[in-house]
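Some notes on the structure that comes next.
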Amino acid sequence: MSAVAVASRPALSARDIVVRFGGLVALDGVSLEVAPREILGLIGPNGAGKTTLLSVMSGTLRHNAGAVLVGGRDLTHIPPYEIARLGLARTFQVVKPFANLTVRENAAVGALFGRHGLRRSFAAAFAAADAVLERSGLAAHADRQASDLTLADRKRLEIAKALATDPEILLLDEVMAGLTPAEIDQAMNLLRSVNAGGVTLIVVEHVMKAIMGVSQRVVVLDRGKLIAHGKPADVVANPLVIEAYLGKRYRGGSPGA
Amino acid sequence: MRTARDRHHRLFAFLSGITAASILCIAGAAAVAPPAAADDNVITFGAALSTTGRDSREGALTKEGYDFWKDYVNSQGGIKIAGKLYKVDIKYYDDGSDAATSAKLVERLITQDNVKFILAPYGSSATFAASAITEKYQVPMVDPNGAAEAIFNRGFHYTFAILSPAKKYLQGILELAMTLKPRPASVAVLAANDKFSLEVAEGISDFVTKNGFTEVFYSEYPPDTKDVATLLTQVKAKNPDIILGSGHLQDSLLIMRAAKDQSVTSKVIGFSVGPSTPDFITSLGPDANGVMGGAQWTTTLNYIDPLFGNAERYAKLFEAKYHHIPDYHNAESTAAPETFQFAMEKAGSLDPAKVRDALAALDVETFYGRIKFDSRGVNIYKPMAVEQIQNGTHMTVWPADAANASAVYPLKAWGQR
Amino acid sequence: MAARRRVTYVILGLLALAALLPPHLNGYWVHVLTLFFMMASLAQAWNLIGGYTGYVSFGNVAFFGTGAYACAYTMTEMHWPFWGAFIAAIVVAALFATILGTPILRLRGHYFAIATLSLAIGTQALVQQLPPLGKGSGMTLPLNSDFHFFYWVMLAILGASIVVTMFIARSRFGYALSAIRENEEAAAVLGINAAVAKVGAWTVSAGITAAAGATFAYWTSFIDPPTVFDLNFNVLMIIMAMLGGAASVAGPTIGSFIISAIGEALGAQSVSPWHAVVLGGIIVVIVILLPRGIMPYLAGGPPVWNLQMVRRQLRASRV
Amino acid sequence: MGTALTLYLQVLVNGLLAGGIYAAAALGFSLVWGIMNVINIAHGAFIMLGAYASYWLFVGPMHLDPFLSIPLAMAVMFVLAYATQRLLVNQVVRAPLLTTFLLTFALSIFITNLAQVFWLSDIRSVTTAYSGSSFALGPITVPWIKFWTLAIAALLTLALQTFMTRTKLGRAIRATSMDVDAARLAGVDVARIYALTFGIGGALAGAAGSLASVSYAITPTMGDSFVVRAFIVAVLGGLGNVNGALVGGIVYGIVESFGACGSCFPGVHFLGEGFKDVIALVVLLLIILFRPYGLVGKATA
């Protein structure tokens, strides 16, 4: 499938990304584009290569071929920390809090080193961190050690850290997995408000309700290849997607959470 | 949540703890300070020795030597100085085979325990470190086993070495070799890369060039080596008449084993340290026969001693007490406090400065040999002896006038020793 | 946090008072305290890379030896005054750390530990072969018998190392190090240049370590490779830092104090190896009962004598 | 055959044979490190105890040959190490890496000095009838003791390898090393597995001690230098890689042997016995930097 063109000046575009682990091809020529301020849902069955694609975009994994462009700039040989400073942030599926730091310090690290981090004063960074915690509903826990948080709060913290870097593009890797329906609603609201603030989002998610609810557009990966894209409702109805994503026996059934 | 008050308490408790610990330390240290300083009928010597760590074997031999002198002198009534009899005592610390710790403990002996006379630690590095301390406090130190001359090239006035300097250690074997027929010509030298051993090797090289030998192989090896097979492979290729090892006891055992493994043969083999220790013969059995060692002292040297009579009697008395024949580490470590004793008797005083002056002027014959110091404090007047192991016992083969056996030469083949 | 900070200030205050002590102490206690200041400085320096950054370095002793040799060489061969040699030692070791840190700090965990261990042994082996540095014979420095001088220099190095740690801990740099320790990948995606931060931490650590090494060389006036590259120094740095509390501002100094005091109480009085047996036993007990060091207990945690807490902790660290 | 070629071959054989004892010393160390993530500094002290065990059996009334006393030394050390793990190491095995390092370091001080209290620092040796005898392979000399040391190191490696891959217990140990929690869920008694692993590591140290007793002077501090070499060899071979320890030991032995051979490289001034440590360590550093999974391992993602 050729590049999914969305705008004349995409916020981010991936072109023919190939990643191989030994003999295994994890990504096989994937191309996609995200428009500025868009929320793009990225779905696919386990092992489809979603996290791999996020890792390539954020620079934590080197791809074997292809290119990632942000604002027209090729990120291929740029180290992850510089990508972060350019305004592209990500979260990890398995959350990586700084366990022995407080929640506030966790967020402050993002504020100290992110997009405007090095130009921010120390105090300004902590103020920014507090603002992010307030927004993500963690203000009450600001002085607790990150290791003491519940899973839901750790997921929130994972987003808060990334938000604190003040990103233009935010890659979210299954931030809702394991949350209760009420928590999922809160998280969706957070994403919407972040997006309303001008941040482009790429959301990897298994929770269908969330993906359908927040995404303006969805792309589907299966076994390292992009197999469909379009509006959420259209994509979900695509038999190819249903087969790939849910297995043959679900064909004809309605996809749900 | 804990209150600030709580934390205050904890902090207070912690600080009290620190203070209490410090006071306990100081009090404890004061409590163990010897009453000797107060008891004016006892002269207390001090020594920081290696009872743990790398040099603990040599440290143990040194301590036996010191203790033997102490017990013997006390059994004879003590030391008579200016008409008054004093008992003697030695205060020991363990330096863990670490030179910096040696220096610290010597400083403790001097400033905390009020010891006025220091017996040196084992080994050149530790003695070197300790000498800076004794120099600062102007306390005399007699050194029985730090042989590196570098210690004495700093213009210090309070350190005196009774042993022959390192460079002479293996020259005796070469002197002996010059008298053997047919005269051996080629020499291979294996030296541990440490202060003492390098000086010994330097002494060999000096002697070799001046006396018509050729040095066909020279190699240094790391002091903690585990495998010397390749070293011996190279020696074998050069087929030297004489193999000389300048290192320590364990190195000499490794070299002997590797030499046998590869059937390396030579007419003479000798070591600076090793053959004279009892461990060498027990470890190698018959293979030890024929091996020569540079020795500061042997039991058969016929020197007269004012205290012990002569070397033979010293050896007998020592063996009765410790159940082994004294090796030269034992002997030099007995001779060191004995040297102090003679200097004190001569000075007629226990004033450290006067004892120092008496040491500098001393010239006596002891069971250990002549003791006299040059201006640096080195005893260059005592010759080194050469021992050879024959039928499992140490025989003195050089110098000729002290020898009780003639050298077995050339060395027999492996398996026939 | 406030309690931790107070501990730091109290320790700095005690050290300031310690500066007044030498005229009232005999030579031995001056010696003991000088050694304590030195070991504490080494532990503080190690803490920057091993504690804050989480990179367990077995190679810091290489900087101690490098500093000692740089000082000895510049003083004896180039006839520099001590302070010149002191600065040279710091610069040489810092350069050494920067150059070697770049490849070595790419390694993590065990591999970093071993790479640094081989760095320490390798540097010693190399120095042992270099004729300008005296090979195995070592080097002799000019004698300075004013031991109070060394007391004050070591004390100043320790004070400086604590102050430096204090500033780093509250700085952007310090947060970078903590984040790297906690999770290097997460740190990177937040914009932290881990390579630069790690090398920076090691360089500062090396500089402090070399300062202590240079002072040690001049103090003892004789150095040889086994003495200044002694791996036991490195092990002691780690033990002291761990015991006090790694990644705490003044924990390593507290740990050094305790180990030094135990050593002093046990070691100096006996020539039987029992004292070393007891020391080993005490460390075993401390490690099992205080696996996270003492600092958490001083800074608001439950007290050491809270057996329930100890038991809970033990359960957590068993399998 | 030319003398030069003979020299090179002999130096190669020397290194190969020296590798035997290094491999034996590293085998248990690497196992414990790989499986339990514990750097066992007391491994050297265990080797020392194994050597003393063989020594006492040799000089005792049984006059047991050190090669024959290997199983006994292994049994004794297994029990001791098993108990050490259960009573001490297990208390902190989940604490950060450094904690176990510190604990085993303190244990090593404790054991070494206890040995010094009871056995003093006297140097002891085991000298057998065949000590120093060798056989010839053309112009190459091969000492029997070193030959058998290498052979037994290889045998131990093979036995351990078989145990780890062919028995249920071995597979449980490997599973535990991969994922403690998953192993526990699968019904594995992790504490027992760890104690067994530590025990096996101790037994292998005991065997290494027996082997060392015939070649080296036996003293309470003899283990120290083995630990450093075990460290290096374990990395060369790849951590926890059973076959790797043997390969690593041999490679280390050969590198050291050629590093020590100044005569092998005439004209290259800087080579020689003194430089062997430098060379061995530079090689090690390069391997860690470029092949961190060891010489025989494979890179994994």
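Note that the chains take the letters A, B, C and D in the order they are written out, and that residue 1 is the start of every chain.
One rule holds for everything that comes next: contacts are C-beta pairs under 8 Å (C-beta built on N, C-alpha and C of every residue); 3 or more make two chains touch, one makes a residue touch a chain.
If you're wondering where the values come from, they're calculated on a predicted model, not measured in any experiment.
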Average the C-alpha coordinates of each chain, average all protein C-alpha coordinates together, and give the chain whose average is closest to the overall one. C
Give the label of the chain whose average Cα location is farthest from that of chain A. B
Between chain A and chain B, tell me the centre distance in angstrom, where each centre is the average of that chain's C-alpha atoms. 72
Just the number, please: Cα centre separation of chain B and chain D in whole Å. 34
Report the inter-centroid distance (CA atoms only) between chain B and chain C in whole Å. 34
Set of chain B residues in contact with two or more other chains: 52, 56, 193, 220, 222
What positions in chain A touch 2 or more of the other chains? none
For chain D, write out the residues touching at least two other chains, lowest number first. 113, 116, 274, 277
Along chain D, where are the residues that touch chain B in the complex? 3, 7, 10-11, 14-15, 17-18, 113, 116, 120-125, 127, 131-132, 134, 141, 143, 145-146, 215-217, 219, 221, 225, 229, 253, 256-258, 260-263, 272-274, 276-277
Provide the residue numbers of chain C that touch chain D in the complex, in ascending order. 50, 56, 103-104, 106-107, 109-111, 113-115, 117-119, 121-122, 125-126, 128-129, 231, 235, 238-239, 242, 246, 272-274, 276-277, 279-284, 287-288, 291-292, 314, 316-319
Which positions of chain D touch chain C when the two form their complex? 33, 39, 88, 90-99, 101-103, 105-114, 116-117, 180, 190-191, 194, 228, 231-232, 235, 239, 270, 274-275, 277-278, 281-282, 284-285, 288-289, 292
For the complex, which residues does chain B have touching chain D? 52-54, 56-57, 59-60, 193, 219-222, 224-231, 233-234, 237, 249-250, 253-254, 257, 260-263, 279, 282-285, 287, 414
Provide the residue numbers of chain C that touch chain B in the complex, in ascending order. 2-3, 6-7, 10, 14, 26-29, 31-32, 35, 125, 128-129, 135-138, 140, 143, 145, 147, 216, 220-222, 224, 226-227, 230, 232, 257-258, 261, 264-265, 267-273, 275-276, 297-300, 303
